[in-house]
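What follows is a pair of complexes built around subunit A, which joins subunit B in one and subunit C in the other.
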Partner chain A sequence: MAILEVREITKNFGGLTALKDVCLSVQEGELRGIIGPNGAGKTTLFNVISGDLKPTGGKVYLQGEDITGLPPHKICKKGLGRTFQLTMVFPELTVYESIWVGINSRKEKPWDPFRSFEKDSDVSERAEELCRIVGLYEKRDELASNLSYGDQKALEIAMALSTDPAVLLLDEPTQGVSPKEAEGLIELIVELSKRMTIVLIEHSVDVVLRLCHKVTVLNEGRVIAEGSPEEISRNKEVQRIYLGT
Partner chain B sequence: MASEVASALLFYLVNGLIWGLIIALIALGLSFIFGVMGIVNMAHGDLYMLGAVFAYWIFSALGNFWLSLLIVPVAIGLLAAPTERLILRPFEGHPAVTMIATAGLSFILQQLVLMTYGGVPKELPMPLQGSFDFLGVAYPLYRLFIAALSLVIIASVWLFLHRTDYGILVRASMQDKEIASAMGINVNTVLVFTFVLGCVLAAVGGVLAAPVTQVFYLMGNDVILLCFIVVIIGGLGSLGGTLVAALVLGGVEGLLAYFLSPTGARAAVFAFMVGVLILRPQGLFGTQRG
Partner chain C sequence: MLFGFFILTVLGVLMPRGPRSLAMQTMAFCIFAMAYDLCFGYTNQCSLGHSVFFGVGAYGVVLSLLHLQSGILLGLLIAFVAGMVVAFLMGSICVRLTEAYFVIVTALFSAIFHLLSLDMTWLTGGDDGLSVTLPDISVGGVRLSLYDPMTNYYFILVFFLASYLLMRRITEAPLGKVFISIRENEKRAAFLGYDPFRYKLAAFVLSGAFTALAGSIYALTLRYATADLFGLYWSIIPIVWCLIGGVGTLVGPCIGVALMFFFQYYVSAWWTHYLILFGVLILVILRTSRKGLLGYLLGR
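Moving on, here comes the complex of A and B:
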């Protein structure tokens, strides 16, 4: 059974069709790449899956459960984590606090106005572990806004991981970072993909073809190709879109 | 002679600072609501007014001023929560509309109080008698109590925001609602909570001020102006900036009141705000938001 199943999702913005009958079936443990030119609907698809946008038509299933149209915080609790295309962190929270928010939100009675923050040892252990995983342990007490751009990208991933997702959606995690930092982030994604299902939107086709088990190509809101990296790189229509020939 | 001037000045300064602390409480609520919800609450001054009017009513009915410090926060909370749900939530993301909605709310609250409480300003007796000798100036004990309680409340809000579970959650939601909800936070409940807390802070300011000012259905108008100045000078969303700006403005206005008419002192405060906005549009302590 697919862990993430998108069935015939359509999303209209007024008269504009951003997604048209998009289907996507991601198996547990898969590292799926999504590529396509600007405006193909990649981020819109993520927003529909994560609940930030309600689809005009179609269904989304996560671990067999219909999550279509649920608010983002409920979908998060069902096991979905995501990052955003434009780097978004809480600028005035520290690395540790930012990660702690997600870990805490998964608890039974998460928010207590009278409970002193940090007291909870299983939460703080997990927060420190996540800081280590993304390589920010030394910087855990820095404010997020003081981090380098690449470190902010890593923090974003850690924040998405903090809610302990079964499926992780990464929206252009290496966009705008230096080649060296991008290499570090890619290593991190490969490492993570051994433990969870990841769907990756990536601008760099090379990266996707190198890393992913399976690749879906979107163009003008439709899935135009899907297959292994080899199949995709041989696909005539994909070549036409990317090379303009 | 010189020492008389000095003690008079000191008296005016302390008066101004204490008034500044009350303003800080109210402005903190305003800044808080704006920071989390993006709403400019035009009815904020009227919650201060409601706090004072409730205090008057509670004193008239029960003969005890101190009970209002317990009852008013609960009563205002019960009013504020449905207001957020029913009046403000439908206009989420439309700041201009929420300004109009809260301005309408302001008129409704004022007219309701006019209908029930009446249009004549009333006074409450001092709940604490006696005075405190401070550097040769006899200072009313109750005003010092206002200062102490305001400081305690402001410190508690700070501790709450930085040292408790829920506080971190509120700060996270204040900084980015989209990521907060992607991380499993139900931002809607945070919005209700924030609005209630902001309104309660204003109402407690009203309760504290009631015995040292005239309780009047339009008393909020004066205060909301000062709060806007404080929040703008302090930098929107900067809680520390709000406190410092309130104290500076209260102190300056207090001192100027010795030399100028109250109107002149208020005009000087406005001139100061204009100057700040020309030189630092983001406020003294605000950070530029990209």
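Moving on, here comes the complex of A and C:
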């Protein structure tokens, strides 16, 4: 059974159709890539899956459960984590605190005033571990707003991981990042994909074709192709969109 | 900050009458300022409705004393709980709203409560207010009278210290971090599994309860409550305290209160239009540091 199943999702903004009958079925452990030209509806699809937008029609299932139209905080609790194309960090929290807040939300009483911030060892150990995984251990006491853009992207991923998701949605994790930092982030994604299901939106087609098990191509709100990287790179329709021939 | 409390403890004995009664009011307002900071500084909700809680607290204790003969400690508890309940009801409506809408609707609540309290003279005494005689407090067989200035001073100091420690505990606990994360980026906090509405409401209710406590202690020092306590002035003044001293720090707003009092009672002695100076000072402080005096000092 698919861990993430999107069935005939349609999203209209007024008269504009951003998504039309989009279907997506992601198996457990898969690294799925989503590509498509600007305005194809990639981020809108993520927004619908993660609860930021309510779909006009269609259903979303996570681990067999209907999560269509639930608010983001509930969908997060069901095991979905996501990052954002334009980084959304907590500017005045440190790296460590930002990750800590995410882990804390999984606690039975995340608001308990008698639990200390410092002394909760299972939370703090996990937070330090996540700092290490994304390579921000040395910078864990820096304010998020003082990080470089690439490091903020890494922090984004760490924050998404902090809620211990079954499925991770990454929205252009290497966009606007220096080539060297991008290489580090790609290695991180490959490493993570061994342990969890990842859906990756990427602008760079090369990266997606190199990393992903399976690729979905969106154009003008529709799925126009889906298959292995080899199939996609041979697909005439995809070539036409990307090369304009 | 704890050093500050130590100084206040020693000063209680040393201070002459005048400054001491001033210090008592300052402490009551410090509780108000910290409570407001919980809402404004920690969850970025700029409420213009806190006079409601201040007035509810003041009338909570005065009416309990007059009609229930409840004794002072129970009266304060009633005021605290009343503040909590009113904040919950008001917050259930207001907290859903964002930014300007939140500000306007909270201001409307403040106006409604003010008009009602002016109108319902049978309950509130309207503009003239209600005076109250303070009964003795008996704690563990010892009887204390708040008419003794020294006792009154330490009574308020104890509540000031307790409020500070409680709010410090809340803001340093996980809850405080969640508040800050919602302030910093509400959407992101939601995607980390927190319901922003619920946590903002929690901050609003805690803030309302402590504001009511401040109101009730203020009413005890005045020995009366009046409809004026619901006035818009009491909704705006905590914003001023927080902005001067530094939002989101708890201690900063107390500095704001102290500075305001300094102007109100000492600078006004040689120039009656001291508020102009104060206004200029606010502008200068905010121009230099967006996070007020304390933010400036900590940032260096």
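Rule of thumb we're sticking to: the second predicted complex is superposed on the first by the 242 of 245 C-alpha atoms of A that agree within 3 Å, B and C clash if a C-alpha of one lies under 4 Å from a C-alpha of the other, contacts with A are read in each partner's own complex, and residues count from 1 in each chain.
The definition used in the following text is that contacts are C-beta pairs under 8 Å (C-beta built on N, C-alpha and C of every residue); 3 or more make two chains touch, one makes a residue touch a chain.
This is a predicted model, so every value here is computed, not measured.
Student: Putting subunit B and subunit C onto subunit A via the overlay, clash or fit?
Tutor: Pair status: clash.
Student: Check whether A:R115 is in contact with subunit B, with subunit C, with both or with neither, and answer first, second, both or neither.
Tutor: After superposing on A, A:R115 lies in contact with both subunit B and subunit C.
Student: Does the superposition put A:V89 against subunit B (first), subunit C (second), both, or neither?
Tutor: So A:V89 meets both subunit B and subunit C here.
Student: Examine A:S162 and indicate which partner it touches, taking first as subunit B and second as subunit C; both and neither are also allowed.
Tutor: both
Student: Quick one: is A:F46 in contact with subunit B, with subunit C, with both, or with neither? Answer first, second, both or neither.
Tutor: neither
Student: Same subunit A residues contacting subunit B and subunit C, which ones?
Tutor: Shared contact residues on subunit A (touching subunit B in one complex, subunit C in the other): 50, 52, 71-73, 76-77, 81-82, 84, 88-93, 97-98, 100-102, 104-106, 110-117, 159-160, 162-163.
Student: Which positions of subunit B touch subunit A when the two form their complex?
Tutor: 160, 162-169, 171-172, 175-176, 178-187
Student: Using the touch rule from the top, collect the residues of subunit A that touch subunit B in their complex.
Tutor: Touch residues, subunit A against subunit B: 50, 52, 71-73, 76-77, 81-82, 84, 88-93, 97-98, 100-102, 104-106, 110-117, 159-160, 162-163.
Student: Name, in rising order, each residue of subunit C that touches subunit A in their complex.
Tutor: Subunit C reaches subunit A through residues 169-170, 172-178, 180-181, 184-185, 187-196, 199, 202.
Student: Contact residues on subunit A for subunit C in the complex?
Tutor: Listed in rising order, the residues of subunit A that touch subunit C are 50, 52, 71-73, 76-77, 81-82, 84, 88-93, 97-98, 100-102, 104-107, 110-117, 159-160, 162-163.
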